[in-house]
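So, here come the structures, one by one.
Next, two complexes with subunit A in common: one pairs it with subunit B, the other with subunit C.
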Partner chain A sequence: METITFHSYRGGVGKTLLSVNTAVKLALSGKKVCLVDFDLRAPSHQSLFASSTFSVSHATKSFTGFLVGDHGPESVINSTNMDNFHCVFSNIEILQQKESKIRTKLTQHGEGRILAKLFEFIRYCNSQEFDFLIFDCMPGITYRSLDALVVSDKIMVVTRPVKSEISGLRLVISECYSKLEGAKLFSIMNQVEQIEDLVHTPNPLDVNLVKVNILGITKCLEESSTSIPLLHTFPRIPFVTERIYVLDEKEHPFSTEIDIFCTKLLQ
Partner chain B sequence: MSDIRGKKGFEAPSHEDLDEYLAQSRKSISQMKDGKPPIIFKPKRTLPLRIIAVIIILVVSTSLVLGGSIINFDSPSNNNNNETTTTTPMTTTTTEISTTTQVVTTLPLDTETYLTDSIPKVESLINTLIASNRSLINPVIVNGTINRSQTITNLELFELVWILSQFEENSEWWDLGREIVFNTYNLWNKSSFLSEDLVFQILALRSLVAYPSSNIPLQAHSLQVYRNFSKQLWENVSSGYNNETGTFNPFNDSQLLTEHQILFCQVLGKTIEHPIIFMFNSTTEQATLLLETLETLTDSTIGLPHKFEANLTSSSDLFYSHHQSNMFLALNNLESLLGSVQEISMLTNRLYNYITDVFLQQDWSVAFSYNETASDLSSILILNDQLLYIRTNILKQKRNFADYTLGMVRSNFATANSRYYTSSEDYENQFLIDHIHLLLSFEEFLKLEKPSTTTDETATTTDDEGPGAASYAGEFISILALLVYIFYRRRKMKQ
Partner chain C sequence: MSNLQDQELKTILSQILTELKTISQKLHSIDTYLASSSTLPTHIRSEDSVKPAEVQREGVIAMPSSLEIINLQESRPGIFKTYKAIQKKEDWVKSEEIADMTSRSRGLESRYLNFLAQKGFVMKKREKIDSDSRATEVWYRIVGVNS
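Right after this comes the complex of A and B.
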């Protein structure tokens, strides 16, 4: 089994969209996949799945509940109408309600207990013969994102070519990625502006800025002390929202991109 | 979501802590891989805020003593005695401060002004939809203009009365609803209702009992007719209620619907005000049973109402946020009947958390756009859902959520005549009801207690965490001010 975490320094770069679509695509291509909403701070998968043609079987508990020891790993995995696709949701209820000790454990250092839980989960998934376990992680360097990073086999570093991203990326490489032994790092550049089909002529300054930013990110990745090869560049596609395109709209340009990405991933 | 630190308390390690955490994590993992138990690694002790606070206070008191002695020495008549005494209570409060801080949200302050301005506009719009004899039309919007020809249906009247009855007692709007029932439309003696289906009947009954028995404007004979009619409706409606399972299944369907339980809940909530119509004791029993059903109808972890097969096995995951909100409000009704019951508060909390969760997860402007047919979340904005969410928050005293949602509702108004543009054809015939509901939310909002400081709300909602960041900051600043003052005084003295 391969554990893959989608991570980024900044929020809103597209981790959720990419990880969900990748996971479903891998399942469509015959792999047994478990997708985990590990953005405990702002979980979103449940509503995303609710809006898809997917039907998720009920009755399972939240991942957050598993992490704090409320229930076992088997009871947090949702099965779906696709035999080989399973998903795990989080909710913020525990954060809002549980006594502050548990909340502290979940949100702060955690003394390695949350990490142990995560490991237990991976071990369980392994026993269930999943091919892929995919974590959609919260952005930034928090204790919880570190947990996900250290237990992963592969890390997809998602970036977006905007100016503020470059310095952030440099920081997160030196502070964090470079210290992860054992995990294979890959990068994804997402939401790259496309010049074609524009209704207005963009200001050359903006066009240039985009180029500079792409270069900046590329340079930053190349100069990194650890190798973070760029696996794929996703264009910014207008009107892409939070959906499972690979399932609901197979012909969508975003689905096509995911197809290519998954082929690379499987190589 | 780009901020790294502080959001919902997820902590980022410092530079050194990160290295240590990674090292320990790796060790722990390799140990677990060998089948050994995980390592429990304690965080490196950082100087807790508490100790820092104590140190500050020590510094303050020493400087006060020192400063005081100098000042005293130079000018015995100064008032530094007061300063020394003020630090005493400060010492006790500051040392109790927990190490957790919270994000303080500032509230847009113009909501009141906006609402006070808008209420008359919305009211006058509603008035144009109501003929002077207080008979109603149900406008339909065609190409942006209001078509006034539609006559209002009984079902729409029932909905309208229910909302109107929730306005402040004896207000104009409250009164309008009462007149609809007992005067203009004489809903109280329409025996034809008795041959309609049970959902229709429960809606009729809900309108009839919406106003307390002491406020029924009928003479003795008519009053008797009204009571008998209501009793008959209640009897019919009760036939759809199963005493053993506590479920209301008006069509004896294979599926139980959340809406129906909510309706039953709403009627039960009104029973205390009508002891003659309802046999009071039996309704309390029914309410208790129904409560269990409601609990079963909600997912135990997420608070989501399900559709259920009549034997209570969940069958579909279809949901709308207005179910949650409506259920929340209905439970509040039930509470008035049963008193504060732990199950109710548990359920309301769960529901509330769920809808808030939904609300926070989404781009807020489309937070309530769940819809059966659309394949994504962003297609339809449902005013009704938003209004219900506002009212839920008002009940919960969550002012800033109510405020924010109001802001969204507000952006859907045409500024010229303050009317809401219904975004979907399906909802166009809701025009009048929507506006009255809107007015109700506005008025309810204005009744919300104004926060005395911006921290009020966050501090009270999570009070197990100790005082909010701002109250700490306040104390910190006063200490700092004192220090600066003393420093200044001492310098002045030395000159």
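Right after this comes the complex of A and C.
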């Protein structure tokens, strides 16, 4: 089994959209996949799956409950109408409750305990013969994002060609990625402007800035002491919303990009 | 040397011997206390009561955070791979098994595992190979939330 984590320095770069569509696409290609919503601060998978044609047999037990030892790993894995695709949701409502028992427990259990639970979950998934376990991780450097990075075999570093991303990327490389021995790192550049597709003539300043930012990120990755090859560049496709395109709209340009990305991932 | 000096020397040596015996007794009582201490997992204590002469375990367990693991890697480059390999196993393993998983030498894995055990990040035990022999086998196990 391969554990893959989608991580980024900042939020809003498209981790959830990429991880969900990648996971479903891998399942469509015959792999047994388990997708985990590990953004405990802002979980979104449940609503994303609800807006799709996907049919999830909703389990009432959340991953957060497993992490604090309230449930076993088997009771948090939801089956779906695809035999080989399973998903795990985190529960925002529980976390939002100020006096929540789980919230208190998360604090009491200590940082090491959550990591131990993650390893336990991976061992369970391994015993269930999953081919892929995919974590959609929270952005930045937090204990939880580090947990996901530590347990992963492959890390997909998602970036967007914006200026703030360049310095942030430098930080996560030096403070995190460079220290994760054994994990294979790949970068994904998302939402890259395609000038030729624009209906209006863009301001040359904007065009130049996009080019500078792309170059900045590429340079940052190339100069890094850790190898983070660019696996795929996703073009900016207008009107791509939070949906499972690979399932609902197989001919959509985004689905095509995911197809290409998954082929590279499986190589 | 006079008989008087001999006598004095014997008295001093006898005092040293008595002191050493007292120290040994105290160390033994500390060992006994640590073995029954709550810092060791319950299942280890129960196993010990079954085979007290054959099994000897070391260390005080702890669950390291991801940050501690990353920092450990800085002081011992390569140890991260060992830690991840042992996390794939739920039962007691020997360093040979970890070496097979990491494709590194048994000696290196043994060194890393001992360091992890010393930090309390994995559990370690020694078992006699058989009752007649003095040779022991060293086993390691992850520190789980149920430990």
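The rule we apply is simple: the second predicted complex is superposed on the first by the 252 of 267 C-alpha atoms of A that agree within 3 Å, B and C clash if a C-alpha of one lies under 4 Å from a C-alpha of the other, contacts with A are read in each partner's own complex, and residues count from 1 in each chain.
Operating definition for what follows: a residue touches a chain if its C-beta (ideal position, glycine included) is under 8 Å from a C-beta of that chain, and two chains touch if they have at least 3 such contacts.
Model, not experiment: these values are computed from the prediction.
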item: Clash-or-fit label for the pair subunit B, subunit C on subunit A; value: clash
item: Which of subunit B and subunit C A:267 touches, first, second, both or neither; value: neither
item: First (subunit B), second (subunit C), both or neither touched by A:69; value: second
item: Which of subunit B and subunit C A:201 touches, first, second, both or neither; value: neither
item: Which partner reaches more residues of subunit A (counting touched residues only), subunit B or subunit C; value: B
item: Partner chain(s) touched by A:111 [first = subunit B, second = subunit C, both, neither]; value: both
item: Contacts of A:181 with subunit B and subunit C, given as first, second, both or neither; value: both
item: Which superposed partner A:119 touches (first subunit B, second subunit C, both, neither); value: both
item: First, second, both or neither for A:146, with subunit B first and subunit C second; value: both
item: Residues on subunit A lying within both footprints (that of subunit B and that of subunit C); value: 111-113, 115-116, 119, 143, 146-147, 150-151, 176, 179-182
item: Contact footprint of subunit B on subunit A as seen in their complex; value: 9-12, 40-44, 46-47, 50-53, 55-56, 58-59, 61-62, 65, 91-93, 95-97, 99-100, 103-104, 107-109, 111-113, 115-116, 119, 138-144, 146-147, 150-151, 175-176, 179-182, 241-243, 248
item: Subunit C partner contacts - residues on subunit A that touch it in the complex; value: 69, 110-113, 115-117, 119-120, 122-123, 126, 143, 146-147, 149-151, 176, 179-182
item: Subunit B residues within the subunit A interface of the complex; value: 1-5, 7-13, 15, 17-19, 21-22, 24-26, 28-29, 32, 38-43, 100, 299, 301-303, 306, 314, 317, 319, 349-350, 353-354, 357-358, 360-362, 370, 374-378, 464-465
item: In the complex, subunit C residues that touch subunit A; value: 62-70, 73-74, 77-78, 80-81, 84, 87-88, 90, 142-145
